[in-house]
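You will see subunit A twice below: alongside subunit B first, and alongside subunit C after that.
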Partner chain A sequence: MSKRYVLPGDLIVEGNPHLKPLANVIRIGDRLHATRIGIVEISQNSVKVIPLSGIYVPRVGDLVIGKVIDYSAMAWEVDINSCFLGHLPAQDVFGKEFSPGRDDLTKRFNIGDVIACRILNFDRTRDPLLTVADKDLGKISEGEVVKISPTKVPRLIGKRGSMIQMIEQLTRCRIVVGQNGVLVVTGVNKDAVHVAVKAIRMVEEGAHTVNLTERVKEMLQGVQVGR
Partner chain B sequence: MSVKKTTTIVEQLRRAQMSELLAMNKRLDGRGLKDYRELRIETGLIKKANGSALVSLGNTQVIAGIKVEVDEPFPDMPDKGLFICNAEVLPLASPYAEPGPPDEDAIELARVVDRGIRESEMIALDRLVLISGKKVYAVFADVSVLNTDGNLFDATSYAVVAALLTARVPRYDVQDEKLVKSEETIPLPINTIPVSITMAKIGNSIIVDPNAEEEACMDARITMATDEQGRVCAMQKGGSGTFSVDQLNEVASLAISLGSEVRERIRSSVASSTGGGANSIRSMTS
Partner chain C sequence: MSRLMSEEGIRIDGRRWNELRPVRIEVGVLKNADGSSYIEFGKNKIVVAVYGPKEVHPKHMALPDRSVLRCRYHMLPFSVEERKNPAPSRREIEISKITREALEPALILEDYPRTVIDVFIEVLQSDGGSRCAGITAASVALADAGINMRDLVAACAAGKVGGRIVLDINDEEDKMGEADMPVAYLPNLKQVSLLQLDGKLTADEYRECLNLAISGCMQVYSIQREALMRKYFATDKRGGDEGGGGEEE
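Up next is the complex of A and B:
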């Protein structure tokens, strides 16, 4: 099936009541329209648009990597690479007994710290509520921060994590992927991290092309042979 | 520059990585310490202006327009034309820029650019006089910053210089103490091409052309403008850090050597974009 590119507002299908509008598609009367720039994917009973560009819109449950940009007596403000600012309440870290007078927020997270967190609650009317109360969440103290377009994150992860696992195995790096397009790469040495970042950039640039996994694999194996 | 809350905050991890790389004479974006970002200059984009230029320095983008009018000279300088430079950072240029009158950073930007051009005597202001004490040419340079990624000083300076070099102004004839506008246009009288070079100090390293991330981490910055003879003619230092005497000497010689490189770039882009018809240096057609 050939790829069909659409712009916001473009008509995708008309007069088929069995098709359900999924991501980035809306129904107006008996017509389905795209809401973002992207590629149409029509399956047996649903239609969706894979976006080609755009910002990150938080979804409950997403793992995101944020940057602490400010704090008040009660909470931290976290830049989650979105049009919304993440809100991490102090109770989440200090527990119910948190007292603004006794507990110093900067002891845990300071401005500029990179933290892995999860979206706890979000309804578009208020800033997304974050949490770090889970395993593998919290301050990230080492690694290289890489930013990619949030729309390319699914491609980087691949089908059931195939792409990211391949990059991790071949470069012996660990890559924490935030759904907001921020990644942290840690590896055995700087060269390994450098190669992993190169592979990530390759995926980002060629996210919509075919045989990408093969090409990335080739590149990574080529580098390893050369070493 | 004042410490504003709304500036780029660099992740601690990035900061650590930056200082680690600087110790090895490398930078986060792969440049060497003394390397410039890609510089592109396009001129003559605004048809209604007397001269204009669009400059991109990496992701920093600046557009400048020159408007020339006839005005009265300042009372203390009856035999000099006017040159006025204004700069504005558009709200679209950065998430931290707000609409409204130019803030102190934008004012500093305009003043530093103005000073480089004025003190190098790029424009021969004394040749802009039409009727002594009464009528002179007034040259207005208006700059809009379209995108900010650090080093607005240099990008803006190059934009204004390129726009001045390509500007063409209407010729006025004086007849019986009255001005008669002719159809003919003439270039501005240009003495020299000043080039501003901005350097930042992070730790003990001095880097040229800092980007936004580096500007957020720098201890101090210094901008030096040099003229064609390699003379330093204007300087501005910012930030709370300090430069030692040796560092200042290093910075000055960098400004001179890199300045001549950039000067050639400006000269060639101005010449190519106007098909060789750029204002020739030190030759004002009458």
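Up next is the complex of A and C:
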């Protein structure tokens, strides 16, 4: 599969009615055009562009890390680093028997709390609906929050998690990666977290270069030898 | 022959009738903006910052089916020879409006309902044709911000100076020439999104002038492309181990 770089408006394919435009591709007449700066991926019956810049747009099923910024009697509002605010209903945490009179929302999550959640539903007409009802979801009580560009998240994870696992193993840190570009790093000590953050920044800056895994590995091993 | 055009057809700044001023574009010059660009278009120096899509405040301004595009064209007090009052003038309000209308057809605003996209165009130093330079830079900054777009927007003016139709009017030619026609163009969709005309042209001159302006837009477009390509694909070594793409499990 060849890699082609495109800018918004660039013609990708002309006169092939069987190709379906997927992410960041639009059909104008019988032509498919890119709508973002990115790399074209053409498969047998569809075309998509992997974007290289831009904000996070929620997708159902994504794990995101957000910060509680407000609450009402029935729900929390969560900043998920997007143009839409996450909406976490109180029933999701307290169960069906939730009563706004009896249950106090701040007992579970207060303003300023960082939480890991999943996008349960989103259709752009309403704010994304979040859930914390799953294992590994919920309040994050310790760790360092790191923000990277959401478009670099797939690169940080790597193929089948190769990159992130390598960083985790070599720094003995745990890294929770939100698809919205927010990460939480927890480690045995400050130095370990510092090194992991350095590796993450290295991946972010060199996301478009080859042999990145090798170079990050070298850097991490060099640091460990020195310690 | 007038002062603006010599016998040999050389213009006041040494250009021929169909030549652009030197254009240079840089992408991603501001760290705190979601997208940004800097353009030098002749003596014009303009910085553009794009913020968004983001939540709308006040909330009643939000549209349920698409994003709101807000543009501000502003000239800094030191951008002209005599200090300019920084308050938005009648001219700046007009240019803000036509900039928004020139950019709107290129953006897919339906992709971001209930949000706003802010575009700030700050003119550091002005020469003729700053609205075209502003639109050109704004479109690059919007692409840098990663907002879905149908096409880029390239803008360039043409006009009539010393009895001849010429490309890319500069400040002196604008003030003393016979006509000035700024045009913004969507190069892939082949659509004109801005067309103004200050001055008088015959029907034939009008057609010639429009075609010349569009050819200027295509030259500007290639400079925009080059700037974006340089920023995003400079190392040109993408691919390799994990690929730039997904983590498909």
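Operating definition for what follows: the second predicted complex is superposed on the first by the 213 of 227 C-alpha atoms of A that agree within 3 Å, B and C clash if a C-alpha of one lies under 4 Å from a C-alpha of the other, contacts with A are read in each partner's own complex, and residues count from 1 in each chain.
Note that in this section a residue touches a chain if its C-beta (ideal position, glycine included) is under 8 Å from a C-beta of that chain, and two chains touch if they have at least 3 such contacts.
Only a predicted model underlies this, so the values are computations on that prediction, with no experimental measurement involved.
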item	value
Touching partner for A:83 - first (subunit B), second (subunit C), both, neither	second
Broader residue contact with subunit A after superposition on the shared chain, subunit B or subunit C	C
First, second, both or neither for A:209, with subunit B first and subunit C second	second
Touching partner for A:189 - first (subunit B), second (subunit C), both, neither	neither
Touched partner set for A:99, first subunit B, second subunit C, both or neither	neither
First (subunit B), second (subunit C), both or neither touched by A:44	neither
Subunit B versus subunit C as contact partner of A:158, first or second or both or neither	second
Touched partner set for A:142, first subunit B, second subunit C, both or neither	first
Doubly contacted subunit A residues - partners subunit C and subunit B	none
Subunit B-facing residues of subunit A, complex	67, 69-70, 79, 110-114, 140-145, 184
Subunit A to subunit C touching residues, read off their complex	3, 5, 7-11, 24, 26, 28, 33, 35-37, 39, 41, 50-55, 57, 83-85, 124-125, 151, 154-155, 157-163, 207-214
Of subunit C, residues touching subunit A in the complex	34-35, 52-55, 64, 106, 108, 111-115, 143-152, 186-189, 225, 228-229, 232-233, 235, 237-247, 249
Contact set on subunit B toward subunit A in their complex	5, 9-15, 17
